[in-house]
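In what follows, chain A forms one complex with chain B and a second complex with chain C.
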Partner chain A sequence: MDAFTPTALLSLPGWGSFLLTVLTIAGIYSLLTLGLNIHYGYTGLINFGHVAFFAAGAYTAALLTVPPPAQVSGAEYVFGLNLPMPLGLPISLVAAAVVGGLLATLIGATSVRLGSHYLAVATFALAGIFGSVLENEAWLTNGSFGLNSVPKPGRAAMSADTWAVTYFVFVVVVLVVVAFVLSRLTGSPFGRLLKGVRESEDAAQMLGKNTIRVKLTSFAIGGAVAGLAGGLYAHYVGSVVVQQFVPAVTFTVWAALLLGGVASNTGAVFGAFLLVGFRESTRFLTNIYDSLLASLPTVAADALRLAVEPLPDHASFVPSLRFVVIGLLIVLVIRYRPEGVFGDPNEIDAIGEED
Partner chain B sequence: MVAFVTQFIQTLIYGLIEGSVISVGAVGLTLSYGVTRFINFAYGEFLTYGAYLALFLSGAGLGLSLPLPVATVVAVLVVGAFGVGVSRVFFEPLSDRGPLPLLITSIGVAFILRYALTATVGVSAKQLPVPLMRPVEVFGVGTTPLRAAVFLVAIATMLLIHVLLTYTMLGKTMRATSGNRNLAEIAGIDTDGVVRRTWFISAGAGALAGVLYAVLFAPFRPTVGFEYLIVIFAATLLGGIGRPYGAMLGAIIVGVAMSLGTTYLSAEYTMAYAFAILVGVLLFKPDGIAGGEI
Partner chain C sequence: MSRDSSESDAAASVTGSDSDAPLLEVDDVVKRFGGLTAIDHASFGVEAESITGLIGPNGAGKSTLFNCVTGMLTPDSGAVRLAGEEVQDLPPNRIAQRGLGRTFQTPKIFRGMSVRENLAFAARGQTGERPISALVQPGTVGSEEADIRERVDDTLAFLSLDHLAEEYASGLSGGQRKLLELGRVLMLDPEIILLDEPMAGVNPALADDLLDRLHELNDRGRTILLIEHDMDLVMNHCDRVVVLHNGQTLASGPPSIVQEDERVVEAYLGGFENE
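What follows is the complex of A and B.
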């Protein structure tokens, strides 16, 4: 490879490419949060299974673009469409969104007629079962090994860093387009209808609106956005594995939405960046600790060591604390600032008045 | 033919045993729903805490080695009191804000409790100190004395809750509060006190279900309660939420269905059978199968 190709033009320092990774993932989570915002923020639907739509999109994109199993050693799956990249990318992403939306419609059909508690339980349970289907139907999903040769579009033509920048820009463009479309949608008569259903389903019905269909449409739109996020994620990471799609994803998105501000698209994006930034940066706590020990004067290092000593010494300590913080965040925001950072308190009053 | 009948009966027995464990958890969940009117997603953590506390008290970690039944009783009481504390800290301050804030808060509480536990004890699988036993069989069907004991404890708990609800003042005030809280309050019932005592019973039942589950399906991890939540939800909704007797019946049906499905359809989808029931209930009979009030 000679120096005149674009591959050599860009080279990021380690922290730079880490930052880029965090920002790209945050962009993808912003889409997830925007999708959930349509469900909960605008329509008042409690969806505790958001990760299922994300997973559905990711697996759809993967299955459309992975090479057929004959070309992969140890493959258990029987279906890989091997769409060429990067031309196949739009098809794969649109399909991801469509499948996410279809799955949401299917689940919605079982439970949007019912109260929010039933919907919460149904979506939560469905996501659990969907996860176990993904794990057990190895003929489709390659089981717990996952699909690990999802193509990264355009990667072959560029250096790793150039590709990372390009894909980040692509994610941001998609995010801006989706956010624009959603804000037009929520500002339109249909958006007011969503809010109307949120505030008083009876009143909307009295006005002759088919509230069930409104709720189903809301569910489908949010699910499609989450599916699209799944497609972007699959092509970014290059593999889809069941362990990526656990309930913790759903509730990280919830924390992001509540923190950013329910029924605010700006808030949703802000919350997603903050949450993902927090989650990824705490990966380095132990490194920071080690380098502190090495660089501090002996007395201070000893004091630090002594202060840390009573803490449990196992690998899941720091990752667990991360989720304790996310849980606390949910509790505290609901209790002390239910409108989040960017939300409007008047909108919040309207959610949750039912029965 | 004989082999088929034997296997079928054996499957039913396993289903009844698991159903009895589910019913302890489902009754606990449904009782607290009756007086608080929100589905507590942190309920699974009471199962987990019960199982871990019994583990610590009966051998691992704390230098204690109480006999398992004693450890179980202590765990039930401690987790019961803990449940009251959780309610006072997290849920009571929100009690006048409608069901949705409580529901969402319960997710946050579930995360706090579960990951505080994994931060402390790690994620490795643990096992209660229970002996390996040979099954006692009659005509080729039967079960181990241990599993039989689990079944009997669960049934005894159901009877106890029945007596509590039907014959004691606490049970009557619980039913009154569940039926109409304002009316109960006007009638002079200390509804806040009733709610707290219900939390104690509910969390204690959760802890017991956790221990029984850990005895049946050792080993377990800190995610055990959260994972079992779907099954408990299925039983609770099948019985009609807020109805203890419905929850008992729902639990037995879910337990047997899971057992039959695992034996005759596919062993990989135990939880999915519970979920299929859940979806069926939501679609066709959202009020559950059991009529009447608690």
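What follows is the complex of A and C.
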């Protein structure tokens, strides 16, 4: 990072600040994926409602730090704690993690007794309900307008690019700390307990382990990490709106986990960077296509035009194509390397199966 | 109910009247699934430090009874007493903590974990199972892990699985899986061990080994209740036999008496004596 900072103090080229944005978002998604890895990779819990914990963390951080409604025009919300930045940041992030963990415990308490696939449906539905609550309880969340004055800590004291670099470094530090703590946990007897519950709940119970409590603890830890990611996200983007927290987030995180390797913390981080990098960089497919047309000889350019001809000529076509490509990527991984890049095929032998 | 007064005092207490209560007591247990009565007022006792065989034709309710005793199913009526205390309403993990271990008909091993991890999992009272403790008490957790590792090594040696310690359990053969499951129960170190067809699918050489191990455990004071179809094995190795038929206990007592009981011969053994 040291080598990077001096240049940033000057100013970043366009591609540089774009790259930094992608890396920061990838760092935040890495946390989400690490959280889901605790649920699915280590405990075998199929959680399709991960975005709810992310949203809970983001809204918590926002509500603790946005200015009171009197200072914001058109505000519907009644509560904004306006914690001063940057001192309020640790409080805000810890609260985001706690609320994410509490919501996960609550959702877990209602559905953790369900078998794997029922749990998937239940968590998906509960996350949907949570999203509706966020949208409709405008007194708390400002409804569909969202909370748009979330402070970016330290932003006032430095230039846009310097802040972007600083915040990225901060995200990386948080990521490293969280990854270290989670690795310690998963390598401890607690991690062994999680894995045993993943492999056979019946056997774990018959060996004297309270599997319900184990699964709730797992839910809480993964949810807290996702909540923390939400807090980081809120302070990075500066606004929190329900449209940011759609089921697609959950599935992106799932895709990242499957690509990187289930039950591997390294794999989770790798998968998140790969997927977010891929998702963001393919935004430029149109630009690449245009520059190709300009630089290629006429014959080749005409051939390219002809090849693209049958595809619909619509502004949203290329951006939507990105999700098709991500889908293909997942199909390829599941077909040729089901354990993901860093996963161990032996370890995921029985994952997600009923006893 | 067949009884044999020549057996030890403990054995005579199957009826529960004239001696100490048995270690495990199934008292008038009923379990219904819809219209089917799987367990129909079954009653029997398992004496401490005995090897007791639970036999009966297919569908007699043996595995269901195991599930009722271990808490995986809750009986509709009746009581299950472990060391004199009623446990029929407790969840399986609480019953296990009170000193009851079991294996399953089809071994439920932790396939995606190493053989060593499978065994270490089962140790009781691990401080490092609490996430906070795992992070902030590395000293305690480390010394506990060292103790567990030693016990795992002993158990692996006892079961002749030591060469497989670091293998994933998914790579084990059927017989080795049975041994691993038994090893896990040994790590739990219960008073009474329930084994659901421990010999089924185990090759004969390994089965003899396994039998020796069971006797060795029994000699060390462990009580064993096992479901088994191999009649020679039951008759030669069990101190007492309980016969289950249509969910009812048809007879219980020493093998020599039980195998002469007319109802038992009729219901199940038919032709055993002609073999």
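Throughout what follows, the second predicted complex is superposed on the first by the 338 of 355 C-alpha atoms of A that agree within 3 Å, B and C clash if a C-alpha of one lies under 4 Å from a C-alpha of the other, contacts with A are read in each partner's own complex, and residues count from 1 in each chain.
The working rule: contacts are C-beta pairs under 8 Å (C-beta built on N, C-alpha and C of every residue); 3 or more make two chains touch, one makes a residue touch a chain.
A quick note: this is a predicted structure, and the numbers were derived from the prediction, not measured.
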{"item": "Combined model on chain A: chain C and chain B, fit or clash", "value": "fit"}
{"item": "Computed vertex angle (chain A) for partners chain B and chain C, CA, steps of 10°", "value": "70"}
{"item": "Chain touching more of chain A, residue-wise (chain B, chain C)", "value": "B"}
{"item": "Partner chain(s) touched by A:Leu185 [first = chain B, second = chain C, both, neither]", "value": "second"}
{"item": "Partner chain in contact with A:Ala226 - chain B first, chain C second, else both or neither", "value": "neither"}
{"item": "Touching partner for A:Met206 - first (chain B), second (chain C), both, neither", "value": "second"}
{"item": "Which of chain B and chain C A:Leu257 touches, first, second, both or neither", "value": "neither"}
{"item": "Partner chain(s) touched by A:Pro312 [first = chain B, second = chain C, both, neither]", "value": "first"}
{"item": "Chain B and chain C, minimum CA distance [Å, superposed model]", "value": "9"}
{"item": "Contact residues of chain A, present in both the chain B and the chain C interface", "value": "351, 355"}
{"item": "Of all residues in chain B, those that touch chain A in their complex", "value": "37-39, 41, 90, 93-94, 97-101, 103-105, 107-116, 118-123, 226-227, 229-230, 233-234, 237, 241, 266, 268-269, 271-272, 275, 278-279, 282-283, 286"}
{"item": "In the complex, chain A residues that touch chain C", "value": "181, 184-185, 188-193, 195-196, 198-200, 202-211, 217, 221, 263, 346-351, 355"}
{"item": "Chain A to chain B touching residues, read off their complex", "value": "44, 46, 48, 110-111, 114, 116-118, 120-122, 124-126, 128-129, 132-133, 136, 247, 251, 254-255, 258, 312, 314-317, 320-324, 326-331, 334-335, 338, 351-355"}
{"item": "Interfacial residue positions of chain C with respect to chain A in the complex", "value": "70-72, 91-93, 96-97, 101-102, 104, 108-113, 117-118, 120-122, 124, 126-131, 134-135, 141, 144-145, 168, 170-171, 181, 184-185, 188"}
